[in-house]
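These notes open a run of structures that come right after.
Okay, so chain A shows up in both of these, paired with chain B first and chain C after.
Presenting the complex of A and B:
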């Protein structure tokens, strides 16, 4: 009898110790991420990382993030490695974050290319991947049944050009040329634009891809001109856009409408690279911070407040990447504040629960079952001259328009 | 004039520029038998020099030409004495130079990120007047024509140096047979140092026009340019500066014709060309049957 009681007591104490250990709050929330310190993605990636760092500094100044599972604030610790824009290195570093650093939160690097290698790893290790700007539609296929990914900002890239296609048809444009760099992000936009235009009755008179590293577009522009398009849409990374706009400006060719995506993402970077003359009247998407969400924001600072605080802290001017990095921090923060348990599955459930109900400086946060962002949309904008210089302004759809479009664009003097 | 003819002339402009990009790398290899894997990084530094001369001082980037020639020639001389003689004392200077200059390339890139940031930069093409140039009924960017013209002048000057000056003849003697050049009393190190300086300065000269030829510049652009330069000089013939001109033009033509008719394959084709040429003529188009390294 005494032996049995003793055994029960030992078992009871052991289970109590075990359960206390399991529920003991960590001293820090380890957040693992990568950034590209060099290479093709460095300019956007470092800005995105700076936005995330700024969020981490802000929450740590208040004692950390509130974690509902423990009912208290816990400081966050960012663990970040430089993947040098290399997917091979990124794969190994994501693995290191998961298996050696044992991070609680995993955040992907900038863009689809550097995010792609994190997805299978996150799924294998059952850790939720916070995808900041990897918008390739391939990441969110229902057939994959992957619940370990959430796109925190921007819709999937295959959704982006739908508004553009409608705008082109509204202008009465019949002949469209589409040129794209051979990567997921650009290809999915090009394919969507092509299929949407065809549905709307337009003719795609030129549709070709170029290698990502293309730095000279002069001969390609002449080929496009042979097809006599009324509008030309070029999809690529910022290096492609810069080279394309530079070569168009010096080609002597004229197209009534020219669309490139990257001024929406890094307006100042592209403007400084190609100069005002080459940017004038070019069309692009419009995304935060060019769309300024202030009154609508229900969670976190307004865009104006964020910009003021960020620049005051010594940060550079903000762009979409900076906003995306900071916004990811806000979504992580909200997931931790709402998740009943401190587990990956519980965070995912919490995200589903608040999806569509919070509005951040980046727009409405709403994800579908696969984790794809469906709350935000990208209006079409045009780079127009203003008294203070060039400005990318929303021109379509009407409810988002901040200025009247100029079509056809004036010929360059 | 058809698209084909447009592409051929565009390929000539592009090729002449790339001949200038590669000629310095080949000169250094020909004289010293070392591979300067930091070649593209010196080009990148030259590009930033032009960028800042334009954006900070408001000068036309063409002013960067005399400034950078002096600066980079001056940089090349001490760099030669710091690195190359030690390399040549080793058992395998060619292989060791790969490693050393790769390290130098990484250091330059890292320092450039600190100094210039990661953002892409460029110079508006309008600095050369903006209006495109009409040639044979077609329109070409003025920046391409200016770049090709300066490249041609640069290559001609290097040719005149090599074939019509005493130092140039000494340089060629070292390229032909280093040990015999030593016996004949040629100051090998002095001549080599000048060649090294010219090699680096020619890279910087090419860098001045890179914002127009590559669209934009960034600190990490160097390695890709070094690889392209290497392809060009291998096509032409390692160690033969004239071969580089041929290699550059072939590269430019291949790229532009492919961009015109098979756009998606354009970046790959020059490398296919390289493989074909190496299979048919392993020493390069202007190479001797046997290269003694």
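Presenting the complex of A and C:
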């Protein structure tokens, strides 16, 4: 009898301990990420990380994020390492975050190159990768059947220029020259613009690539001029855009329309390097914070509220990278608040469930089955003179337009 | 059995045991993989630089050629990754053969010409017009063969192969002939050493090791861009690791990589804000006080370093 009672007691205590262990909430939610403290991606990466840090500080000030699986708020702890823009170091550090730090949430570094090495690791370890700005289309191929990735911000880069192609056709532009730097991000935009324009009946009269490191465009600009285009689109990183616009300004050439992508991402950086005169009337995309989502926002602060709080806290002026970092925090927060269980699979299911139903300061959050962002689109903007200086303003499509476009652009004096 | 070969056998055994058992107590497999990769690259570079005196600044070109050679074998021929690794080694050897005329140059001119060749190779691979073959700038994706464990053991095998190869060269007449070429090619030639042939063989062996390592690296990470595998940082690290350990030895590149790559990761994690400063200081001190690498400390005390 005594032995039986003892056995029952042991069984009872064991099951109690087991059930407590199963339901015990973690003391903190460990969020692992990388940033590039130096190298090619440092400028955008550190700003993106600052946005994420600001989100973490904000939620911790309120006691943490609400985790539905435990029915309470839990503080978040950011664990971040500096990958110095190196993919080999980044892969090692992602591995460390997963296997040694055992983070609950994994967030990728800036851009496709530094995100690429995280994808197979996340998939192998079955941890959901929150991809902030890695917009390469090959991360989201249906054939790969990878459910462990979600692009939280921008649409895949091959989607970006579709609005631009429509705008060019609306202007009646028939002859278009496309120049691009040989990298995934630029090349996929150039290819999409080319194919979309052809579908719309326009002629691509010049289509060439240059190395990423190109710093002189004088000869290429004259070759483009020989093709007599009505519009020229140059796709590249910031350094490419800067060199292209500087050389165009000093070339004496004239094209009725010029498009470059980076003013949308780093307006002030490009403006300071190029100067106001060369930037005037140039077209670009328009993305937050240049396009300001306020009234539409259903989740998290409006863009105005975020900017005010961020700058008040001592942060620098915000740009797209800062917004992307903060926005990722918001998506993580919502996934934790909606996931029935504290598991990666449950978070992914929750994301699918609220996809297309929430609007943040970065736009509509909507992902497809592969995790690619399809909710946001990038209107076309033009850099126009205003009483307060040059401003990149949305001009197309009509429902997003904040100003009337100027086409053809005036000749430079 | 010559003494060098015995010492090499000991180094091989210790390396094998280390990389077999360390994963049981340290689970950042990719860091260990990278450590092995840089050790193999350092040993491969040492075959041409340490034994013949020719420093190829563009050594990473072979690494990238191997990564792409292996990836193309997987993508187009649907070969197993193990066979693809061999194809990667072959691709690097092919590139090495094309670059043999660079040996008409010497010293800094050879180094710079080699660097230019590696950059040219990078731009060829990244050329959008070759998208149907190399995927151009859009990068390679090999999720169908992703197998980190398989790649880990393959890299260990390549490291052991590089060790055995280095030990064999150092203890053989071939190695002696290479040393003669390093000291004075003209005198070596007049002594009956076929300078062109032996130098070319060591060059191709060096390329083979880098190509095998590159193909295995591509297999491990399975998603990569041209700049990932042709990044000059990989070549610079390899050269620094060889110099730090000591050129012309089997042990030097291993020790150099172990300490410097270990420090690289430790500093990068513990004090990332001082990373460039600390790492730069280490290299400056090395150049000032240990120009012949760590093994020179032992040699000064009369200890023979394999």
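In the analysis below, the second predicted complex is superposed on the first by the 397 of 413 C-alpha atoms of A that agree within 3 Å, B and C clash if a C-alpha of one lies under 4 Å from a C-alpha of the other, contacts with A are read in each partner's own complex, and residues count from 1 in each chain.
Please note the rule applied: contacts are C-beta pairs under 8 Å (C-beta built on N, C-alpha and C of every residue); 3 or more make two chains touch, one makes a residue touch a chain.
Model, not experiment: these values are computed from the prediction.
Partners chain B and chain C, once the complexes are superposed on chain A, run into each other and clash.
In the superposition on chain A, no contact is made by A:29 with either chain B or chain C.
By the document's definition of touching, of the two partners only chain C reaches A:91; chain B does not. By the touch criterion defined above, A:265 reaches neither chain B nor chain C.
Once chain A of one complex is fitted onto chain A of the other, the partner contacts of A:209 extend to both chain B and chain C. Of the two partner chains, chain C is the only one that A:81 touches; chain B does not reach it.
In the superposition on chain A, contact is made by A:188 with chain C only, not with chain B.
In the superposed pair of complexes, A:176 makes contact with neither chain B nor chain C. By the touch criterion stated above, A:119 is placed in contact with chain C alone, chain B being left untouched.
In the superposition on chain A, contact of A:42 is made with chain B only, not with chain C.
None of the stretches 42-50, 96-104 or 150-158 of chain B clash with chain C in the superposition except 96-104. Under the contact criterion defined above, the residues of chain A that touch both chain B in one complex and chain C in the other are 37-38, 182, 209, 211. By the touch rule above, chain A contacts chain C in their complex via residues 37-38, 81-82, 84, 86-89, 91-96, 99-100, 112-113, 116-117, 119-121, 123-124, 136, 138-139, 141, 144, 146, 180, 182-184, 186-188, 209, 211-212. Contact residues on chain B toward chain A in their complex (touch as defined above): 3, 6-7, 10, 14, 109-110, 113, 117-126, 130-132, 139-144, 211-216, 218-220, 224, 255-256, 259-260, 263-264, 266-268.
Chain contact summary for the complex, chain C toward chain A: residues 27-31, 34, 123, 126-129, 136-139, 141, 143, 146, 148, 221-225, 227-228, 231, 233-234, 264-265, 268-269, 272-273, 275-276.
Against chain B, in their complex, chain A makes its touches with residues 37-40, 42-43, 46, 85, 182, 208-211, 213-220, 222-223, 226, 238-239, 242-244, 246-247, 249-253, 269, 272-275, 277-278.
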